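Comments concern the structure below.
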Amino acid sequence: MQQLEDKLIQWRRDFHQYPETGFMEMRTASIVASILDKLGFQLKMGKEVMSEADCMGKPTEEETKKHYQWAQKNGAIDDYLNPFSEGYTGIVATLDTGKKGPIIAYRFDMDALDILESDSNEHFPHNEGFSSKVHGKMHACGHDSHTSMGLGLATLLIENKEELKGKIKLIFQPAEEGTRGAKAMAAANIVEDVDYFIATHIGVGVPHKQFVAANSGFLATSKLDITYDGTAAHAGGSPEQGKNALLAAAASVLSLHGISRHSGGTTRINVGQLEAGAGRNIIANHASMKVETRGETSEINDYVKEQVTSIVSGAATMYQVKYKIETVGEALSCKCSLDLAGILHKCAEASPDIEISQLEDNTPGGSEDATYFMNEVQKNGGKATYCVFGTELAAGHHNEKFDIKEDTLIPAVNILFQSAKVIMEQ
Amino acid sequence: MQQLEDKLIQWRRDFHQYPETGFMEMRTASIVASILDKLGFQLKMGKEVMSEADCMGKPTEEETKKHYQWAQKNGAIDDYLNPFSEGYTGIVATLDTGKKGPIIAYRFDMDALDILESDSNEHFPHNEGFSSKVHGKMHACGHDSHTSMGLGLATLLIENKEELKGKIKLIFQPAEEGTRGAKAMAAANIVEDVDYFIATHIGVGVPHKQFVAANSGFLATSKLDITYDGTAAHAGGSPEQGKNALLAAAASVLSLHGISRHSGGTTRINVGQLEAGAGRNIIANHASMKVETRGETSEINDYVKEQVTSIVSGAATMYQVKYKIETVGEALSCKCSLDLAGILHKCAEASPDIEISQLEDNTPGGSEDATYFMNEVQKNGGKATYCVFGTELAAGHHNEKFDIKEDTLIPAVNILFQSAKVIMEQ
Amino acid sequence: MQQLEDKLIQWRRDFHQYPETGFMEMRTASIVASILDKLGFQLKMGKEVMSEADCMGKPTEEETKKHYQWAQKNGAIDDYLNPFSEGYTGIVATLDTGKKGPIIAYRFDMDALDILESDSNEHFPHNEGFSSKVHGKMHACGHDSHTSMGLGLATLLIENKEELKGKIKLIFQPAEEGTRGAKAMAAANIVEDVDYFIATHIGVGVPHKQFVAANSGFLATSKLDITYDGTAAHAGGSPEQGKNALLAAAASVLSLHGISRHSGGTTRINVGQLEAGAGRNIIANHASMKVETRGETSEINDYVKEQVTSIVSGAATMYQVKYKIETVGEALSCKCSLDLAGILHKCAEASPDIEISQLEDNTPGGSEDATYFMNEVQKNGGKATYCVFGTELAAGHHNEKFDIKEDTLIPAVNILFQSAKVIMEQ
Amino acid sequence: MQQLEDKLIQWRRDFHQYPETGFMEMRTASIVASILDKLGFQLKMGKEVMSEADCMGKPTEEETKKHYQWAQKNGAIDDYLNPFSEGYTGIVATLDTGKKGPIIAYRFDMDALDILESDSNEHFPHNEGFSSKVHGKMHACGHDSHTSMGLGLATLLIENKEELKGKIKLIFQPAEEGTRGAKAMAAANIVEDVDYFIATHIGVGVPHKQFVAANSGFLATSKLDITYDGTAAHAGGSPEQGKNALLAAAASVLSLHGISRHSGGTTRINVGQLEAGAGRNIIANHASMKVETRGETSEINDYVKEQVTSIVSGAATMYQVKYKIETVGEALSCKCSLDLAGILHKCAEASPDIEISQLEDNTPGGSEDATYFMNEVQKNGGKATYCVFGTELAAGHHNEKFDIKEDTLIPAVNILFQSAKVIMEQ
């Protein structure tokens, strides 16, 4: 066990030093694939497990190529890099025990954030020499540890293969940040046959040595990039010839924030960024906005999104400009299957490392695209849950000083492994 | 002459006591028709001289019927009332001299305003006992004197018929206020054959005993009634079920006032009235707005009107409501024919009652639908002008204490008559 | 009992025929006072039990006087009318048993709505000949039955006076509609000494023969009348001289609806009515809006109200106009005291007329100003609850065909009476 | 003369290759100062002729220092660079003839634009090898030729010094683009004693070999940088904690564009650029806007600017954010002195190189901060005009292919010189 714990930490610290953002996890994925292959998992990778049409907010081809070159020079495993070269960086690793039994899937996300990591002396990764080597990118949400946990679980499964039944799928997902990657993997039908699905996260408000077996409070969300294109004109000399994209954007912003509340539950709408115009004395011919909607259920989020569409297209008509709405991220709401969660809850209660285990938490909070998998599995009659391993955070998620307690890793891996065993026995 | 002056004053005071607003000038028209018929003019009346489809902002059938009954009881001449019973209250009276010569037309407007006349002791009509007998209606723009002048001119023409050549048309127009009536008469082709067209107004900033032969500064204008219809819903219980007409209106208002200036000349836009909603706790399902556009030229006003259409329809899309835009009044811009104006200018200079005559004034100002006639005449190769007889005003136009000097009437009639004679001689 | 039931129905039908809206319940109050006085209650009335400064949305003095004259002619009891003549129509009737014991208060509201009652043949009050005799006013929320229930409870209390301990206060409140009247009574300290407070309502979604002992889902709310005053100007001739109140209102409307959601719970904001402007061609110098805010808690509603204040004052600055915000109604949120509710719950379960009794319902819904009393009582260490007697509704509350089942009255009165007895025994 | 023409072209092409934007004209000014000093003019430079407090839109100290280093390496004349090192790059060069006579001033502006010059083969400066050596900066408004003309005029004045009377001041002004530099020189009282003031421009719509002696159509203008600062918050987790600067900006934009037209003359308002927010899921805590106002007169522009202030501060109140309005450029309106223009008109008519000279052009158009000098001179009883030397433009002003005909230079210099002689003789 000490050996596995060492490995977990070593993996996590390696990934931490080479953070890769969504659809760019080429180095990470090549290392994950290499390890899983050697352990004996069957691998499906890249476009085999990702629907191209359903990738949202994917970087440009040029950016992707550039990162591929970076990965080649920064420790990617050459033999495993190719399937990920175009930015389809998902992996599904299957262990088929050959024995009759359920299909159980675990999801781990791999992507980092566009955050400049702190170089403070109080920052543990900095002091220990494993902070980000990529300026402006950072694992500030713990996905480095998730990936490490996935490899740890894989190791335990192989080590205990003889005790197991059915099939186990380990899903390594790209681009969870911005809720962009899961939809494309779900659309590739990778969980179509799954009976039990477990996603997991570290931290997110749960204290150290505590566990939540079912986190059902995720808000459905859509991330929208909206642009207006009009006609420039000299603001002094011929203002009437302009088609003002900035005015269309400003009118949209006010109306978007005024989308009606919904009696069915919580909603959110935010125009987080707006850039418009080319110069003080020019009627602005371009505007772009970054918008986010949320809803307590997928239906409520759809309601908000429909209002966005009406407002954005209407404002385009008002100002005689063209508009485009691109969905660059999306996640659903989901209610966890409490019977599956109950198994995890019991495993956690049985763990010497967990002091408090909670079955369920429904507090509305963030968003997660693991919900695509969960809804898909439940729709087909399977069970799904989203569990959280508490840890002590040095600073909040997405903060430059974010850090976890590494002693959270091995108990988490053990509980996940135990859950597989219990499920198989049912 | 003293006798004619007495008549002018008597007519004017009679009309003043019985003010009738646009498309309601039934009593007035019946009296005018009766007098002109007796003088020997050929009359065309009502729908003969007004295109039904081009009447803008006409009152409802019910309001029209009710007023007809009022007119019957308040001095309308029964034998002449019928052609005006449905609210088509225009008259074209023609004097054909039988001699070869030009066709000259003079326009007089007849309508009053929805204003409560002052009962101050300083108000001349009140003191002399000829103030409005209709509560809330008043001749506060001098159209009572215009109608009187038209009858005076008719009298002089008949008295001097032997000296005349060609044809003279006297046009008595309804609904100049709100620029609603002229378009319908022009669309009935009543000025199609006119060689010289003269419209006139009393007051409007020109001092007593002064005259302006060509007033070209009229702004083109559109009067628009705009409504939104959505869906009501309880604002607390199910706000998302509402389609909010009040929000559509509010968004429109801000964007309408933000319509871009035009480098080609003056523009105006005003949402003068807005009424929306049915109750504090109800999502508003209805909104109505009274809007006015203006432009230094008809083209510029068209530009503004087009922006209004885009904005209003776009805001409807934004809020998923229905909209309607009704044009309830419209006027064009026009440049006076200076050669025709020159004739009036000389007649005025020759008048002992005019101290200062000015050929032309281009100051941008109000709007007038006589411009429909003027543009039509000029389009067919004729000449047109709009002249102003200065007077001393007790208070500004559309004020409850508005009043003119009655000694302005007889010189005006004489100058108009002289102009006819000079034109015929050309 | 049959006799009491007959009385309940007779009272209810009498009040139903003479509906009086908020702060106008003069006839109603005079009858209530007369009955209670004869039964032997000690009465405090009018300004004795209402803080003038805390009356919200009170009609004008002129309207009040006019209604006073109406009441005199329509069945008010002369000897009891005087205390209510200025529109302070609240009554607190106290029964002091002279024995040591708790102070228990029951609240009944008396006001009607500005709704035209249906004259459909399917409408029970119409068929039975007791529909509203006042055109455009109607008891469409059941307060006629509440008042009747209050008188019924009073009757039972007196009949069983010997069995009772402590003091019982019956509060007859005006102007619950628009949440206007309770604050003024609470501010007059009428519940300062109350140990147990029970408010009640009929219907509101609870089925016939069912009971809810604690309705805690009320949203806090504020009803705001907002006005802007600017400067009129001619929209064509001197638009720059205007200070545009309509634009200030339109800008406010968009921003008000855009007030941010609150992570602490449900919010609502609605501009339900907007009227602005005096004419198409005039820069609008006046605008008025009817606005409503709600919040899951009083704190959240306060948050929304603060944003309203910022927005409304800021928009006034933007357009250089003056503003006024008047709070014409307000209610708080409240959590019922479940131990007190438990007593009612048991009394209901013991009643042969109640098939299902529910202890608590927290579904967020409407608003109630009984919450002023409840908060006040709880603040002083007392207990408070709001219970609902289910009935079969002919149509929803505030509908022109609203009607209750009259057989709901006598069980309700009995349960309330029983609750008093049980409370006293504790 | 040929020699002077060669010099004019050589100077112009040198300046063209080293374009320096506003308050950065260090190399240019050092060369100008060097030449004028050698010619024998008395020089006042830098802060001697510029009021620090009145410099608008001046680059930061850091940018200024950086450019100073650039100038040192790119041909600035070391001995003359020091006075301009902090970015106060104005020069006033005086020739005192010692004889009694008027004080005449000529203004030349020196700054370039942030435009990337065309490298098309059709672009004359490119083909001739004198296009900009500074990527992204370009003399695209002809100020290189203005500076050259000023040096040419200086040369002629010195060559003909014996014929002259009075004093002649040559003003070399920085930062005319964005109308930023003149106010600071006028505020340093450099035209306080001037009797005749002449500013000039090349091109601006006047055809080749034509001249306009008085261009009075400049609109007054203000260039405003406006920022809002609020409070960031997570848009999903705690939106109510944000103070939304983006919403304040959007509300401002709509209201700014809705500033009322002015009956006194043309107005313009434009929000040309808006940037706001830090991320999709963050309540935006910062927004910045580039705004421009214009007015047919300085008073009308002041009216618009006042509305801007009200709107911007009001929107800050609405959204509880802080605001800052910085005036980064400003120009006045001005009516040219026609008697002074008459002199230039006659000189132009006498020139063999000018085919058509026009006394006056009042067409409303762009803006110019030479108007600060003109107003100041006229206020003190002096005369001022702004004349235009027509040329054939390869492309419009501020276009990447802008170019003038160099044969416009020598006639322009000659006419300016002749004007000085004629003025002195009066």
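In this document, chain identifiers A, B, C and D correspond to the written order of the chains, with residue numbering beginning at 1 in each.
Note that contacts are C-beta pairs under 8 Å (C-beta built on N, C-alpha and C of every residue); 3 or more make two chains touch, one makes a residue touch a chain.
In this text the structure is predicted, and so the values were computed from the model without any measurement.
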Could you find the chain whose CA centre sits the greatest distance from that of chain B? A
Does C-D or B-C have the larger number of C-beta pairs in contact? B-C
Give, as an integer number of Å, the spacing between the C-alpha centres of chain D and chain B. 50
When centres are defined as mean Cα positions, the distance from chain C to chain D in whole Å is 68
How many Å are there between the centre of chain B and the centre of chain C, using C-alpha atoms for each centre? 53
Could you list the positions in chain D whose residues touch two or more of the other chains? 237, 239, 244, 247, 251, 254-255, 257-258, 260-261, 268, 283
Classify the chain contact graph as line, ring, star, complete or other. complete
So, in the complex, the side of chain B touching chain C is made of residues 219, 221, 223, 235-237, 239, 244, 246-247, 249-251, 253-254, 257, 268, 270-284, 287, 290-292, 294, 365-367
Which residues of chain D touch chain C once you look at their complex with the stated criterion? 237-240, 242, 244, 247, 251, 254-255, 258, 260-264, 283, 303, 310-311, 313-320
For the chain D and chain B complex, residues of the former touching the latter: 254-255, 257-258, 260-261, 266-268
